[in-house]
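Across the two complexes that follow, subunit A remains constant while its partner is subunit B and subsequently subunit C.
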Partner chain A sequence: MNMNQVFLGTLTGLIILVFAFFWQTTLSGVTRKIVARFHKRYGPKFYQEFRDIFKLLTKTGISHGWVYNFGVMMALGGIMGTAMFMPVMQFAAFPGLDNIFIYVYLFAVGMLGMAMSAVGSGNPLAGIGVMRALTQMVGYEVPFMVVVLAMVYGHGTASVSELAAVQQTAGLATWNIVKMPIGTLVGFICLLGMLGKKPFETFIAPAEIASGPMVEYGGKQLGMLMLLHEFSIFIEVSLFVNLFLGGAVTVVGYAIKYVGVFVLASLISQALGRFKIDQVIKYFYRWPIALALVQALIVIFLGWGV
Partner chain B sequence: MNFQLSVSLVIAGLFAASVLAWLLTKLNKALGAWVTVVASAAALTMMALLHGEIGSTVNLFFLQFTLTEYGWFFSVIMLAVFACVSFFNIYWMPKLIHPAAYNMLYLLALTGTLGAFSARDFITLFIFWELIVWASMFIIPFGKSRKASVTYYAFSAFGSLSMLYGILFLYHKFGSFEISSVLQQAAGDPTAAIVAFVTIGIAGLIKLGVFPFHIWLPQAHGNAPEPFSPILSGGLVKAGGFAAFLIVAVMPSYKAFSTNIEFLGRQLTMPLPNYALAILGAVSIVVGTLMAISQNDFKKLIAYSSVANAGYIIIGLAMAGGLSTGGALMHIFAHAIASAAAFLAAAAVVHRTGTTKMNELGGLIHRMPLTYLVYLIAIISMAGIPPMAGFISKWMLFQSMMGRGMAFIAAAAFFGSIGSFLYVFRPLSAVFLGQLSTKHRYVKEAPPLMMFPMILLSLASVVFGVFPNWVLRIISQVQTSVGLEGLTLEGTKIIASNGAIDPTLIVIIFGLGFLIAMIIFLRFPKSRKVPLMDQYTASEFIWTPELLHYATDFYAPFERLYQKAPRTETLYRTIVHKVSELGAFASYAFYSFKPGTVLLWVAIVVVAMLGGSVL
Partner chain C sequence: MSETMDMIVEKDKKLKEGWEGISRFFRANSLWMLMYCTGCCAIELPQAMTSRYDMERLGMGPMATPRQADVLLVTGYLSVKTLRRVIYAYEQMSTPKYLVAFGPCPINGGIYYDAYAVINRLDQYLPVDVYIAGCMPKPEAVMNGFQDLIDGIKNKTADGWKRYRDNYEWYKKNQVESLGELRIKDEFHE
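Here is the complex of A and B:
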């Protein structure tokens, strides 16, 4: 890979990053509005999320030492790096090199940074929140990766842009939601876990552990974590769209798929209560993992969905 | 005199150095410890220079050595770990009961590994293998427990005897002790192949600490003197990887065992014995991960993580493909330096605070920031997160598992991989982050000579994570030298048949992300620094830092789910119980002073003799 490609790829990545910020932050605001209507409330303006972020960034907050600050930077850096790799429609910063493991593990850099910073604040509630977040991760990540294994085995590539391209060859019939319906169901449940939507909201649990990892934050650190939150939603939803819904070719298609998935997840969240953390683990290690393995066996032994 | 550098010279030199270390320690403790530093560093330099000598055979009395590509690779990793850890010996001299013996045994263990890795024949291999076992067996009780040493020796003896049986069986069959030729011949003979696979395999699995032989590992690692734990985990355990490499790669297991077995209409991707090995690896990953999550002792936690990582190594080796073996060898390298660094960080903490119990520590980042960074880098590598070397090896292993569609084994590996986030984060949170305990308020950073090797190991983790192809090229040579497929490397890219990554690019992009985050951070108003005890506590008034530190039973809700699961220790305890019952019966029956029993035996003997003469 020569310097030119690296430069062009990085530039594309930065454009995707800027797009992700405006797109997801707007969408979060819109979703707040939609959810409010379901509650029979009026709801905030659709640009409320922007207001919140910029207000927090310009406020003077507190700091609990260098790791508290460094962790936030590492977290946002890791998540933004991951977002730059994400293919959006046909635009991908580094097609072929956007391996699925980058999204799992580079994303983990961000999560580790945030966990480090949160526990570094010295508040035990943050420690409990991080413990729950990590435990939940063991729950949703394993079934998700088993489905990904089936997909990579079936399509013979682990690059997300290539996996999306494979599904665009013959319209709806080649989408993984049609070819691997069980896997898609598992993927969606895991997506709820990743997004921290109810019933998998245990690690935030505002009424119980005072927002968990976020308990001590305020000012620009909290603003940066809100930014991080928008980027991580972008990564998680985009991953689902690219892996199961065949990516997107047109802007309209992309918008419909992305908004559909995110709004659906947010609405499901409104209808459910919160699991306890051991219930989360028990849940994921009962149905989703079993279905994921069934899907993997179907792909491997029967060759369906290839 | 013709002075030529050779393996036998290095081994003889190390042997001499071990005696010298013993003598000098008797005179001056620090001097003796410095001998271990100089000797292991010199041996490392010489082995690095010996790369050109690969293939040549040298003698030392009746011992024959041939330097092979894989032997060289393992030796250099081992020597690097020994050389880095030896700096800690200087600080541990006053803490040990027999410092002279410790220094001697330290170098003898090193001699043992070097000899075993460059042995030409099985007898040499066995002698040096035993040297490792004996040297480390005597070092372990210098630490906290003598019983740990007994467990270690019981397992090692079983492994050694199993290997000895295999060696003699192969000698009986092929009339030679030469490792490479015998293993090549064994591949053509199904019986010999399976005997070699099982016997040498058991020796390797025991050393690696793979399930069901894993229980010695936390006992030995957790109780050994602090500077020797990184040697066990980063170094000696990897000798098991060497033995496993012998039976799957040097003896081409794909040639030796049939892969032509159909299962539900699909041909197996690897021979059945390799499958058995991979399944043991998968079980080790799950068991090691679950046990590591529930530990409260810093060192035992890392020891159980070594069990889990041994699982990855064994799975990669068992697959015996180009990418998978490369991944396993890379994992041996990455895990050796990362776990050595993690154990050294633990040793530094013990040196300053005197405890390994995580719930007694906390907030040490405010006192030992560099040790914290070393531990952070080590765990990032152990958890397989970029930009560290551990990410590369895990990626290679996962990619090859996905390529073969090994769903169940991969599920175990994914579980271990995500589970590792849990257990590596616990010490980070409980020891280094959180509230600083009042009794550790005046703890100092580790001394500079301790920092030096720790920083060196951390740099290695980072550098070989950013530019892994420097190591992967060597690994590729190792693979082609035993007839396996090499790796496809292109510039900074690693290419698999079903995907590619560019580690350097990932680091560039991550760096860019971090830069943007830093600019955002610096651009906006400066925060007000508040003390650590200034917390949101929901209107409670708490003045003791210990009460605000979340460290005890960290993963309690998760642990509760598998608390009642059967333990391997119970199985071994049952075996021990049964054996001692048998012994009790034997001593009751044969070594009794009861007149009735004696009379019975006399009568039986007399009857037997009479009966014999009559018939």
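Here is the complex of A and C:
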């Protein structure tokens, strides 16, 4: 990689970041409207999320010490760095470097930054929220990684854009949702856990632990956390689309797949109650992990889904 | 030399005003509420929030903690004991912040005007931006009050947080007179 490629890659990454911000923030607003229609309400304007974020950035923010401030920046930086690596359609900022493990490790930087910052605020509810978030992470990471590693074993590559390209060779029949239906189901359940949608909303729980890690955030810091939230949704949903739904070649295909996954997750969230944290772990370590192992055995020993 | 300085100052002022205008647009259209629901007027909030009147149309929504919120809703009477907590909550909110008082009780005591444990006038202790009349105010009145608050933010009349900052000595004196002592208990730094 020479300097020219690095420069071009960084530029593409920044474009992907800007795209991710406008795309996901608009989509979050639209989803709020769809959810409102399900409640027989009219709902906010579709650009409400932009208003919320910019309002928070214009407010004054108090600090709870340098760990708190530094953690927010580390979290936002880590998540934005991860988002830059995400292939969007055929565009990838750093081709050949979009390995699945990049996302696993870089994403953890953001999560740990947020955990550090939240605990730095000194509120016990933030500590409980962080503890729950990390416990839940242990819950969904294991079945998700079992499925993804089976997929990597079957296709012989760990690059996300190559995994997407493999699925685009013969249309619908080569998508992983058709070839690995059990794995896709597990992936979707784990996606609900990653997004913090409702059966797995335990670490937010506004009525129980006053929104968990976010309990002491206000003003600018909360605005940065909302930005972080939009970027992390972008990473998680994009990863699901690329791994299981065959990526996307055209803008229309990308939009349909992405919107479909995110809106479905949001609507499921409206219909369910909240698990307790021990129920989350028991749930993830019962059904998703069993199904994930079945899928892995099928891929490894029967050779289906390759 | 001084003319260029004046021009720079003038330009700076204009820029600041423009930025304030943009900020006010966002603040007016995205109000997050902290509901202090110890009074009976709180019973009118669910109707205003759910499908009948749909508060989310105005960009309003409930929030979990004072730090995240922009608007503090005091729904009805305040006993001296709860006043202390309201003051803590209000002071934790990040500026700009607004306070909406429901019903007659925060205005002049309402039916509790002669109760020994209930304060009569809230604006002696905290700056109120909007009063919503009615015992209890109907959801229409609640929505109307929020619309008034939004208009107030847009044309700069909802400036309670500035009044609180400028007249802090006076508010503090009233608070101490009523509560006896204002003590913040800080478990983590003691």
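Throughout what follows, the second predicted complex is superposed on the first by the 306 of 306 C-alpha atoms of A that agree within 3 Å, B and C clash if a C-alpha of one lies under 4 Å from a C-alpha of the other, contacts with A are read in each partner's own complex, and residues count from 1 in each chain.
Just so we're on the same page, contacts are C-beta pairs under 8 Å (C-beta built on N, C-alpha and C of every residue); 3 or more make two chains touch, one makes a residue touch a chain.
Quick caveat, the model's predicted, so the values are computed rather than measured.
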Touched partner set for A:62, first subunit B, second subunit C, both or neither: both
First (subunit B), second (subunit C), both or neither touched by A:77: first
Touching partner for A:13 - first (subunit B), second (subunit C), both, neither: first
Partner chain in contact with A:199 - subunit B first, subunit C second, else both or neither: neither
A:183 touches, of subunit B and subunit C: first, second, both or neither? neither
Touched partner set for A:213, first subunit B, second subunit C, both or neither: neither
Which superposed partner A:45 touches (first subunit B, second subunit C, both, neither): second
Contacts of A:247 with subunit B and subunit C, given as first, second, both or neither: neither
Contact breadth on subunit A, by residue count: subunit C or subunit B: B
Partner chain in contact with A:288 - subunit B first, subunit C second, else both or neither: neither
Footprint overlap on subunit A, where subunit B in one structure and subunit C in the other make contact: 58-62, 122, 210, 215-216, 219
Subunit A residues within the subunit B interface of the complex: 1, 6, 9-10, 13-14, 57-67, 69, 72-82, 84-85, 93-94, 96-97, 99-102, 105-106, 108-109, 111-112, 115-116, 119-125, 127-128, 130-132, 134-135, 137-138, 141-142, 145-146, 148-150, 152-153, 156-159, 210, 215-216, 219-221, 223-224, 227, 276-278, 281-282, 289, 293, 296-297, 299-301
Subunit B residues touching subunit A - in the complex, by the definition given at the top: 264-266, 363, 365-366, 369, 372, 376, 380, 383-386, 391, 394-395, 398-399, 401-405, 407-408, 410-411, 414-415, 418-419, 421-422, 425, 428-429, 433-435, 491-493, 496-502, 505-506, 508-518, 520-521, 524-530, 532-538, 548-551, 554-555, 557-558, 560-561
Residue numbers on subunit A that touch subunit C, as the complex places them: 32, 36, 39-45, 48, 51-52, 54-55, 58-62, 122, 206-207, 210-211, 214-219, 222
In the complex, subunit C residues that touch subunit A: 22-23, 26-27, 29-30, 32, 50-51, 54, 56-59, 62-70, 93-96, 188
